[in-house]
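Lettered A, B, C and D in written order, each chain numbered from 1.
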Amino acid sequence: MTTPVKDVRNLTIAYIGGGSRGWAWGFMKDLAMDADICGVVRLYDIDREAAQNNQIIGTKISAHPEAKSPWRYKVADSLAQALTGADFVVISILPGTFEEMRSDVHAPEKYGIWQSVGDSIGLGGFMRAMRTLPMFVEIAEAIRDHAPEAWVVNYTNPMTLCLRTLYHVFPGIKAFGCCHEVFGTQKLLCAMLESEHGIAGVERHELYTGVTGINHFTWLTSASYKGYDLMPLYKDFADKYYETGYLAGKDDNWMNNHFACAHRVKFDLFRRFGLIAAAGDRHLAEFMPSWYLRDPETAHSWMFSLTPVDWRIKQLGERLQKSHDLVSGKEPLEMKPSGEEGHLLIKALLGLAPIVSNVNVPNRGQIPNLPMDAVVETNAYFTRDRIEPLMAGPLPGELQTIIGRHVAVQENTLRAALTCDRELAFHTFMSDAQMTLGLEDGKKLFDEMLEAQKKYLPKEWFE
Amino acid sequence: MTTPVKDVRNLTIAYIGGGSRGWAWGFMKDLAMDADICGVVRLYDIDREAAQNNQIIGTKISAHPEAKSPWRYKVADSLAQALTGADFVVISILPGTFEEMRSDVHAPEKYGIWQSVGDSIGLGGFMRAMRTLPMFVEIAEAIRDHAPEAWVVNYTNPMTLCLRTLYHVFPGIKAFGCCHEVFGTQKLLCAMLESEHGIAGVERHELYTGVTGINHFTWLTSASYKGYDLMPLYKDFADKYYETGYLAGKDDNWMNNHFACAHRVKFDLFRRFGLIAAAGDRHLAEFMPSWYLRDPETAHSWMFSLTPVDWRIKQLGERLQKSHDLVSGKEPLEMKPSGEEGHLLIKALLGLAPIVSNVNVPNRGQIPNLPMDAVVETNAYFTRDRIEPLMAGPLPGELQTIIGRHVAVQENTLRAALTCDRELAFHTFMSDAQMTLGLEDGKKLFDEMLEAQKKYLPKEWFE
Amino acid sequence: MTTPVKDVRNLTIAYIGGGSRGWAWGFMKDLAMDADICGVVRLYDIDREAAQNNQIIGTKISAHPEAKSPWRYKVADSLAQALTGADFVVISILPGTFEEMRSDVHAPEKYGIWQSVGDSIGLGGFMRAMRTLPMFVEIAEAIRDHAPEAWVVNYTNPMTLCLRTLYHVFPGIKAFGCCHEVFGTQKLLCAMLESEHGIAGVERHELYTGVTGINHFTWLTSASYKGYDLMPLYKDFADKYYETGYLAGKDDNWMNNHFACAHRVKFDLFRRFGLIAAAGDRHLAEFMPSWYLRDPETAHSWMFSLTPVDWRIKQLGERLQKSHDLVSGKEPLEMKPSGEEGHLLIKALLGLAPIVSNVNVPNRGQIPNLPMDAVVETNAYFTRDRIEPLMAGPLPGELQTIIGRHVAVQENTLRAALTCDRELAFHTFMSDAQMTLGLEDGKKLFDEMLEAQKKYLPKEWFE
Amino acid sequence: MTTPVKDVRNLTIAYIGGGSRGWAWGFMKDLAMDADICGVVRLYDIDREAAQNNQIIGTKISAHPEAKSPWRYKVADSLAQALTGADFVVISILPGTFEEMRSDVHAPEKYGIWQSVGDSIGLGGFMRAMRTLPMFVEIAEAIRDHAPEAWVVNYTNPMTLCLRTLYHVFPGIKAFGCCHEVFGTQKLLCAMLESEHGIAGVERHELYTGVTGINHFTWLTSASYKGYDLMPLYKDFADKYYETGYLAGKDDNWMNNHFACAHRVKFDLFRRFGLIAAAGDRHLAEFMPSWYLRDPETAHSWMFSLTPVDWRIKQLGERLQKSHDLVSGKEPLEMKPSGEEGHLLIKALLGLAPIVSNVNVPNRGQIPNLPMDAVVETNAYFTRDRIEPLMAGPLPGELQTIIGRHVAVQENTLRAALTCDRELAFHTFMSDAQMTLGLEDGKKLFDEMLEAQKKYLPKEWFE
């Protein structure tokens, strides 16, 4: 279990999906600006050109005057090459293209089923899982064979099922999943402290928040800042802005930004369940029955946006352009921290500085009334070569009903994706919380959505 | 735990709801025709006149030439009087009247939600639980105080929640719930043996069927007759009659009989899940999403009936008339076994003849992937003063998803009924599998249905 | 899971250890005298001559005028040959010879540790496990490869660990273990009914006894005969004979018979724990601390015998002689039932007649406060192709302490036997309830006992 | 669950056993030297004079020039008075006197059973529990009635059972137990870093150690300092000093100091189990079979001392004298930190500074293969009004066997102490790991030891 002392100035990170446009850049900057660790990052991507561009961008970042650690970047030719000898593995891939995602998100709309994101759960999340999980089977096998001792950080969605697959294929894997949605809610609490109580300048890591739930449907069971209990303060806050939403501290209006929200769903959930839902409203809405997603007007009245895939495609085009401009030097590098914690968790796992943070790992009892082995999101204590989840305790009954159902559906989704069992897949699809169709329409939609991503599915589905 | 040897010719049975018209008469006949046990039955009913009528009818039954044991019948003035010294307690009450049930079943229809029974789960079952569970709190307390050692047989719906309440209030209670729905499916297998394989005259107790699930949504995991495995036979059977339904052996067409069905839902569920759903199609349909209950036409196409409460009221009128005629002697007594097993279970618990039968009791691990303490229906071995459930093993994933969700909703229903917590009650109501409404319409319907049974609810609801 | 209808007149039974002298003969007679089932028994034994003798004896039994079913007997040349196509597998082997057992039982005596049997647990049981479990690994693999659907009945000791190994190696195995120790205690209750209450002629299968525990340390939690609760009767019985022991109904005095006892240990345990220990006193004593086995005098005062291995060797000689005499015809066959239930359980599993009996199978929750997967002995319901354990419920605290400790030691014993890990083996050996030695003497004894059976151990132990 | 913001300069601490000579003084100094919190400490003791002396000493401490917070000290007349309005409760009592402890420790010696401490488990610990637990019933009831929201810190032994009792009586209590034995082993690791690796000046809180087990038998499953894995270093360390013991950094030789040890037991356990036992050798030895405690010579050879009660009595005399001298001013106050963490945990629970530390609380799954509700010692994260245990994961099999047995015995000890059930008590006494006697001698010793503390036992024991 224990490994010899690592040379923290000579680490090897394998980056699967290393051609990522956007997220990777932030990670490379975080690495560069941290003086404690250094080494090489091996970029592996099925889009080799994207990886090569990132090698150039990464090298520029390392050479930036504000950089403290000169990380090296290399394109890897294969998963095996990227992984062999790696101390850490980062997984951040896009499964399929936005064309498949267009089907995930929009195909159900003609049957009156609306999704605000479509990448975690729901009909879109289900379909995305069908094409993503086989990829994660391959990745898990490669890690088992080439880097069984490495720590593996996943950022890919559907987060829960990606991790579930990694552990299913290679139970000895040391993998965890990171997601910044909880951070956003912590920042909302900081904003509340400033706008409502005049306490400015508090940073989210100065708060302590008890975290429980599953990815994109996490909940804060407690929140405090120094001696203050933030829960009663949040109650007043939620009441005050229940009707109008809370828009302070945003660059722009929620209507212009598909990821923004005015927290009305969050406030409504607080009034119903007494806990602080800790994700963007777009995500939260998808985990409930069709309360907030009945139709676009309902979503509008709750002040959050449905994210059209066309917007994503347009936005990708901009990032592609930016990639080229960064490579060519047309656009100068701007060194600012990403706000993510990946590099901090890596340092904690190296033994440099312990940290408590929320993380996705298999349930070993940290949430006793969810099934063992289901992937859950709670706090954990990161120390040298160890992640020890904090006991979050049982979920309250109302939430257990809702979350337990998602977990059960996810478990069947895993089995369907790995066995290509159409019958099981269809029933799982029909079990989703957002599903309102009868058997006949349901079957039509299922077949259509599966067909739409045929290119990325195992052949067994169509035999 | 153990009790002294009982005098099996001098037993005391307390019958709560002893004014029952119909079910009680069958039970009294079963007792009379059994030569092994005798004693006194104390009839307690809030409708004292009904109990008095049953005292007269019971006495006539005991005096019938075909009777073998002259049970005596006495009206009890109070729960305490009925229970003190009782060896067995039978509970079979109608919570409220058919007017409340009219709201349970029909109020959701104007919002497009259809129910075929409305007494177990769903919106109707939920509301019925709100008025029934407080009555069971009172009954449980009375048993705890006056007959803590008695065995308690419940026949009242919602079965699961009635038993759950008894154990919640008095954990030491020796209670179980009996339901004949599984018997019906066993008889269907006997009919299949005759019509498809020419094996006539098999009685249901000659089969062995593995049983698992929750009341009204039970499943046969195995079925055999002598050396024959009935599961592959049932597969052919379900395929053969999938389109047409199976109508053999019925007195009348399913369209004329609100309790009959052509088993098309059952066959469809078999083809989906590989197990034999073991309840009437009317019940089964309510536990699934709106696949079979989308609208009356859908139900019609699946060849089962929605049971209108008007039909129940009419039918009650006929039974009232029959009660008077039996009392007056205008209608002669017809001595035939009810087909129920209550008296056989009583005999087994007295040590006279062990029996394996399906029964509703709290989960102690017989279904390991449902929560402990949830009331489940599996086989159990009845011997002297003991009910030992047989290990049914884990439910398959697809069913666990569906049943686990109902169990979670039931648990919240219990808490709502006992705490009169409107917020919790509303969320639980909204969590039901049949619920298709948004928050606003949902709230309107909830308020209306609660109001409709105000007379039978604790006052705390309206404070 | 389900299998096609079997031809119950054309079954195949693989008998591993088919050269057994004694036990096999009873089984062959039971088969012959049962009119319902017939077929072929394949005898496999590493002592081929013994198997050949049993083929001759079995054939004579089938030809006996009182035989109703002419089973055929064939010697098999290999495990694979015996198993291929088998419907049932019987395992009844002697691991090693009595020379190894001499070390198991008597080596500890020079250190003041006395054992009355030495084949289940304790220092002798531990050592026996070291040589037996690797054999069961081989058997489990052969069953997995050649007869994965067969039902497997084990009679070999250490029962618990033999079964545990079968399931560990091949989790899909359909194996169970039978032992007649509980029957003996049921017969004691019948004798009690006759001598104390004048109720003669009751047979043990007319009683109902709740069974829980682990093999050779099983407990009756309830006992009834018709309407009678036998527990209070047993209390009086235990008190009456506490000092003198109970000797009625025995052919000979306990001092002359190494398997007999006067039940004083059983009575003492009842007075301490309130439940009926259900095995011979020789076995029971080994599961407690050195209360009853401090030295031979203590055992003597409790009126049970230590079984010397010389007696076993002498007794084997007599059975060898008997084998020759049966083969040669010098001794005529006497057809009487063995009193075992193996053939009845086989019939139940064929669907011919369900039966409730005590059986050793992995814990799936039937005893919730013992670890899952540990092999426990409780009642089970045997029907066509299914064994469904009855929920026995949690053990009382005092017994859980004692049994839980044995289970934990057994689990480590399994790991030690399969990994040949000397350090783990030694600590497990030192953890035994009978161990009174310090580290130094303990190590000497451990090494000596392991060496004594070197011939039958994997070589890894000595590398 | 949540409480309003506390005024951290105006806290109320109830100190039960507030007459403590020694431990209380350290706590009062820790409080005085901490600038962050202040308030009043109410001293309650059945020895009122002792409490009055501590009031004087505490007041002096608050007035010391190095004190940063002027805590006030008041003698309380009753438990109720001490508790009402308390924010925190400290429990540190001596149950009975050293005369009872003389029996606990020394009575078994004439039967050849030796104990090195006799206050946690073993025969002495069992007897101590009999008199202590009824006192904790009283304390728990008082806390429930007068300070249900207060955080309760226990320092009294037997730690595990004292806490178990508090939760048994008042399940809603917010109690935890602190013990410095783990600190001692952490300091040993620091000493190792200095003497073996030349890394001087490391403080124990700079290490991270994974902790699991039960009080006084805790184990470090990992240990790191910055990036270093200390486990392989400890392996070399244990090997090097296995024969000689490690004596560096001690003021005096282990032979002169009854609490000192040379860690030979610790090293031996490491070589056997691969984990670092984290308590003094005197404690560790008592949790194993008689390996290290066979007789005084054996203990001597392992280089730890048996602590005679006469030494404790002499030492108490010195502390009494010191108390008088502190009160009279004859001895000046020396302000130095106690090395305990009580005040830091209090600050963490106030939300001032989160901390990870080892703590005794009921098992909620942090050690999944020990029973739920058993009191275990693992790390926990202390934040505002919350203690969240870190998941320690399952114990390795060999340790689970040993610890699981102690837990089971402790559970029966609790029941015996609370029910005064002599039969249960005797069997529990006989189940102890150190017990080597037969039934007869065992009974004699049991009766004698119970009699010896008659004055402090409930009368029910002798009725």
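Assume a contact is a pair of C-beta atoms (placed from the backbone, for glycine too) under 8 Å apart; a residue touches a chain by one contact, two chains touch by 3 or more.
Everything numeric in this text was worked out from a predicted model, so none of it was measured.
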* **Whole-Å gap separating chain B and chain C, where each centre is the average of the chain's CA atoms** => 44
* Structure fact -> Whole-angstrom distance, CA centroid of chain A to CA centroid of chain C, is 55
* Structure fact -> Distance between the CA centroids of chain C and chain D (whole Å) is 46
* For chain C, jot down the residues that touch at least 2 other chains. => none
* Structure fact -> Among line, ring, star, complete and other, the chain touch graph is ring
* So which chains end up touching which? -> A-B, A-D, B-C, C-D
* Residues of chain D that touch chain A when the two form their complex -> 1-6, 8, 208, 210, 222, 224-229, 231-232, 350-352, 354, 356, 364-366, 368, 379, 381, 383-386, 388-393
* Asked: Contact residues on chain A for chain B in the complex?
  -> 272-273, 289-291, 294, 298, 369, 371, 397-398, 400-402, 404-405, 408-409, 411-412, 415, 423-424, 427-428, 430-431, 435-436, 438-439
